[in-house]
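After this come two complexes, each holding chain A, first together with chain B and then together with chain C.
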Partner chain A sequence: MTKKKMLAFILILLAFVVSFLILNRDRIFEKKNNMPFQISVITRGKSTESWTTIKQGIDQAAKDMNVEVSFVTLSTENNSQEQISLMQREITNGANAIVIAPANSTDLKQPIEKARKSIPVITMQSTIDTIKDLPYISCDNYQLGSALAEKIVADKNTDGRIVILRNSMNCSNIHQRYMGVISVLGTVSKNIEYWDIPDDPQEAYDTAKGRLQNQKAATLIALDGATLEAVGKAERDLMKSGTQVEIYGLGRTNTVVSLLESQVIKSIGVENEYNLGYLSIQSAVDNINKKSNGSNTKINFAIVDHTNMYSSDNQRLLFPFVQ
Partner chain B sequence: MKRLIRPIAIVLVLITLLLPLGACNSAQGNGKVETIKIGVAVYRKDDTFVASLCSYLEQIAKNKEISSGKKIVVNIVDGQSSQAVQSDQVDSFISQNYNVICVNMVDRTAAAVIVDKAKAANIPVIFFNREPVEEDLRMWSRAYYVGADAAESGRLQGETIVNAYNKDKSLIDKNGDGKIQYVMLEGEQEHQDALLRTEYSIKAVTGAGIHVEKLANDTANWQRAQGTAKMAQWIEKFGDRIEVVFSNNDDMALGAIDAIKESKRKIKPIVVGIDSTQNGLKAIEDGTMFATVFNDAKAQAQAIFDLSYSFTSGGSSSAAVSVENGHYVRIPYWAVTKDNVEKALDSLRQ
Partner chain C sequence: MHDKIRSIIDKSKHFLQKRSLQFTISITFTAVAVIGMVIVGVSLSMRFISSSEKMASASSTRMVDQVNFNLDTYLRNMLRISDSMYYRVIKNADLATDNISGDMSLLYETNRDLLISIGVFSSSGKVIAAEPLTQLKSSSGAVNQDWFINASRKIENCHFSTPHVQNLFVDPDNKYRWVVSLSRSVELTNAGSIAHGVLLVDMNFSGIEQICKNVDLGESGYIYLIDGNGEIIYHPRQQLIYSNLAHENNTVAAQYDDGNHQETFEGQQRLVTVKTAGYTGWKIIAVTPTTDITSDYYQIKIFALFFIFFAIFLLIFVNMFLSSRIANPIKELEHSVKDIEKGKLSDVDISVSSSGSYEVQHLSKTIRSMVNQLRNLMDDIVVEQESKRKSELDALQSQINPHFLYNTLDSIIWMIENERYEGAVTMVTALARLFRISLSKGKNLITVADELEHVRNYLTIQKIRYKNKFCYDITAEPGVLECATIKLIVQPLVENAIYHGMEFMSGDGEINIKAYQKENDLFIDIIDNGLGMPQEQADALLLEETSKERGKGSGIGLKNVMERIQLYFGNEYGLAIYSEPDEGTTARIHLPMKTLEQLDLGKEDSTK
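So, the complex of A and B:
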């Protein structure tokens, strides 16, 4: 090959490279900056109405921060094995971060530790206490539980039989709420019992209804929104036949709010679910960008009854449409 | 050196030629699970019927995800009764390369714009629950409508009154004047389903040779609270003269029942709805609502999903569901009274 031929060849080669770069400039240069982060949010149960408000916060954050969110639900409630396999699938599929509400503190520990080696993992609602520096977005569930218990004391509903409805106790937030409730009620009442409520909404309703009919209770306390809805509906349907029980609980669904308004439910403790969703995505983005300050984020909460449910602050918590 | 130049030149040329291919294909491989993204934009998430349809759609997708091993994302977004919000949501689905977009429109006249955008991005679009005009659907071969024939629901609603009248006149024509005095609770103004249900329910009654007298009609926007407010006004105005309350859906019918209960009148009008929501069927069970029409949310959700899945798996839409005139999937209605309310409740439970 002569020098001239070689020069011609190099020029052609350069032309190829330049044209390749020009044709793919979006892909290589600009789009890299605009490419949305892929964040997967993994719930600890089915897609139920109780996630509606959290999802609104997630959607808003996704819009504000140029994030593409995969909202991943389970086929059954609190199925930790399914949650683990879905988390692995999302990582394999290229998620930049995972936001997860761990179904079980024990089973999820090792998989989350392993996942954190490749991408940021943020926990919301519940967490794994034994993993150091695991980002966690939630309200102070212990304070939430004790604030509700103080409301029960203030309402003078501690004299009769108090029943705590147990469900998902392996979740750290439910456990913390329980500890908060007991820290207050344990000192003022010796008459505390427990009913175990199943995960499935229909089974939860049937169980609550059966227990209400057969076992007299003065005060019921539900530790999560789904259980509160089930027992509230059961009480509403039984009211015609004369049962009457004071129902307190933590968490909100539209039905819970409606039952609070009609005074079937006496009082609820509710965290700012919209902020919970929004801040979870924000924390995930900060962690991807390595801008996280490492501290956990606490969400505000309020104890609400039918007398103060329409105050402007409480309306924001109960009716997220007005956010 | 000269001997080396030729092989190096060949390798460099090959690399240069293959570079673009690598760029095109970089997203595949690495054990990734195939992802199907279905975007669903609804006019209001708190509409009882739409909410139950979406809930079925999520369940069906979850079951398919398990059986197929694919990742199926069903992203349901709420238009909050604003066409501007919904249009943004559809744009967002398009920009994020969703495989299928399903739209329950806020404003049915916006369908043409949505079809145009979807066509430009080559993303199939499925309208549901609110039917676009035929011309808009015909703009593109990959635009579909899944729903039911609104006229049929009105006809079936009217027929429940005709059957009851023929069985026992005094049950319906309480004042015995040979005419049915009725009020009509309508969905939104200009909503096609509302117009057709209103028209055909009364046509079914008059077509059977029964005389009717309309006392009042008004829109209550498909909502229970508004149904209660309208009915309370009519009870105040017409008192016991109201014999039948026709309602374009169950939520408004339940609202009318709330107002009737509140009024504590001894003579209660017959109330008929459409949709067969859980609460509507409960009202039939306890006798406060006379009849409704089963609008099969589950079958509609199944049809929407089957169509969506067929687009992503390379199958033909007509093999997945029965498509009429290239664009329409119609799910039949059936009337529900106290006689067959158990069957309807069973259908909801399945």
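So, the complex of A and C:
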């Protein structure tokens, strides 16, 4: 056995070992690659029931895409300062992406721009229009608002005094909904008023109740679920005393649904919140993997009243499938 | 076909015959090993693939059977609840007098984990009894719901609905639950008269979910449940499907028969196992993506390939090693034999190797002894030949032709009788010298000077005998006189010149003998101006055996002279004859330019 042959033998053996390692790198290095992404979801309010369906979607997506989601809620509704500090905390804690429902389009602009430099930021429900190319998962809120308004027109509830309940108007989605509603109702009614409803549910309930008692209104329009629930409850409690107001609104909670069923609320517009949660995580993962297609995903929505709420499509939208 | 195979075999045989033993051994071993490895690898991996496919489908079938069994048990429980309610409670009660709520409550309480609600409805949709909630929603309209319609339409059957949100009773907690409804038509006795009603058992959907959820079907396999129309009853990603984010091939699957199917859905190959559950007509469908089964194949194929290559590599190496171990001694032996072929007998002793296996060792030993024997034989032959030649030469040399001696002595007598004593003395002296040099103490090699002296004496005698019919001249360059020559090689040539050149000549003959050096070689020319002959005849002289005309000359032929020169000094030396008719003949002896001492030293060296 010459030295050359021995050398060739060892070289080929080494080549085999190396190729063996390359072939099995998946198995050997798998654990590293499979480290789940950390994604933080920051809501724009307290942990309320209105987030359950979104959270279900988020959880399903987390399971499907092997993501660890930390779901962060605020101590008070629409607290943009708290949102900013929480976002910074999550980034420091090593989140790979942030999914956020900005409480305020102006306050959060800079922090989000800053955060985007290090990790992907996805906005859900509301967004910040002034930031270019910010991924945004939501239904078309303008369409949602105008669809609800068209329902009001179709129900012929435009003759009396129309009151739009304003809350969280700094959120882009609420604003868009408002614009949608106005775009339709503005042309058919001159009699539109605005009530400002506070963020806190109890305060909102009280305010709505007081207003309903004192100021007669024919049609109420709530632009988000919490306000709708507050005003619906107030109306339910006042119905015995004989107030008669048609309530329309956007968003859902179980109470809202039951009020819809008992026809306290006339009609509601709901977006597919489950999809909202699912797709926001999916988009975050895509952004982390740099696979983002750039376009903002639009979620489907439906306008539901008590007659069609148990149709097979609508019941899937209204009643989260608990699994 | 047969011929083709034959020709291939022949070709490969031919090919291998040209190659070395080592090559043949390693190539055949390797080919056999590779074929073996490939066959083993391929058959094993095929076996593995088919068995794992079988295992996958078997495990799907087993899982589906298990789920079917559980589901069947679950649904039978539901049916039993419904049956108990109907046959034990409703049948035995007259609604006008009896209250069935207590029994219903008991039944509900014992099965509350499985149930959402139990209710008995009149044909108009009014609640007769219900648990746990009793107040119907104003908007519910039981008669319009599918379960009520189905029960009323086919009164002999029990009906299972697809999952839906229960919306019958007022719930103070505003809870909306997904349920699967089991409804049947019942006969209600009211004050003796019989009316139709509907018994509704709402099963908790999570009961079904529990059965299907924790089924292990590999990495991404799962089980889902559809009804006879393909409507999804349970799916692990039900909400996603309801939200249009995921899709399922349920409508197609509804058409499948029980058993295993392969389908491609959304670009994914999947193994689908279908089982129709008894009574409900629901189908349990287990989905295993083929990639789940085959993801391992890729790895295993790669591993198999890798190991095959690795084994082949090792085998090639081992084969090379082994074949070199086998072939190298044979090769060495072959080299030795080649050397023997070339005649290097003397070197062989060192190079006939004795390494390798026993057989080769034996072979080399035999060859060695054979070579030794051969060498001894050859040596013997050489010695024999040499001694033979030597004795022959000796005999030749000692052959001073008696005729010549007689003639010479006769001439001497004749001279003495005529009182020409001087001439007689000259002749006797020359004869005596001639003999002395002829003998030269038995030496074969003498100096050129002696040889020329010998010739001179011979010519002296002959000149007298031939009555001065010719004259001669002997010249030698001084440098050549001390050089060695074989004795008695000039004299036969001179003799030839006299007998063939002078005897029949009319005029005076001339014989010139010249010894000179040319290009480091020694030449002795014997030139006569005799009759001469054609060149062909002259050339033939060198090939002729000893002259037949014995008696006249010394009897030593030209060929003999030539052989002797070549025997002593090699084939590059020898004798040449140039002749032309009527012009004369030149015989040229060509010898190496060496003194006696030099030759002696050379001989000593070679014997050493």
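In this text, the second predicted complex is superposed on the first by the 293 of 323 C-alpha atoms of A that agree within 3 Å, B and C clash if a C-alpha of one lies under 4 Å from a C-alpha of the other, contacts with A are read in each partner's own complex, and residues count from 1 in each chain.
Keep in mind that, in the parts below, a contact is a pair of C-beta atoms (placed from the backbone, for glycine too) under 8 Å apart; a residue touches a chain by one contact, two chains touch by 3 or more.
Every value quoted in this text rests on a predicted model; they were computed, and no experiment measured them.
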item: Contacts of A:36 with chain B and chain C, given as first, second, both or neither; value: first
item: Partner chain in contact with A:283 - chain B first, chain C second, else both or neither; value: neither
item: Partner chain(s) touched by A:254 [first = chain B, second = chain C, both, neither]; value: both
item: Touched partner set for A:141, first chain B, second chain C, both or neither; value: neither
item: Chain B versus chain C as contact partner of A:16, first or second or both or neither; value: both
item: Which superposed partner A:176 touches (first chain B, second chain C, both, neither); value: neither
item: Partner chain in contact with A:47 - chain B first, chain C second, else both or neither; value: first
item: Chain B/chain C common contact set on chain A; value: 1, 9, 16, 20, 23, 56, 254, 321
item: Partner chain A, residues of chain C touching it in the complex; value: 137-139, 164-165, 167, 171, 174-176, 178, 206, 209, 236-240, 242-245, 302-303, 306, 309-310, 313, 317, 320-321, 324
item: Residue ranges of chain A touching chain C (in the complex, touch as defined); value: 1, 5, 9, 12, 16, 19-20, 23, 56-57, 60, 254-255, 257-258, 261-263, 272, 274-275, 278-279, 300, 306, 310, 312, 315-316, 318-323
item: Residue numbers on chain B that touch chain A, as the complex places them; value: 2, 5-6, 9, 12-13, 16-17, 19-20, 23, 30-33, 35, 45-46, 55, 58, 62-63, 66, 71, 73, 75, 77-78, 80, 92, 96
item: Residue ranges of chain A in contact with chain B within the complex; value: 1, 6, 9, 13, 16-17, 20, 23-24, 27, 36, 46-47, 52, 56, 59, 63, 68, 70-73, 75, 89, 92-94, 254, 321
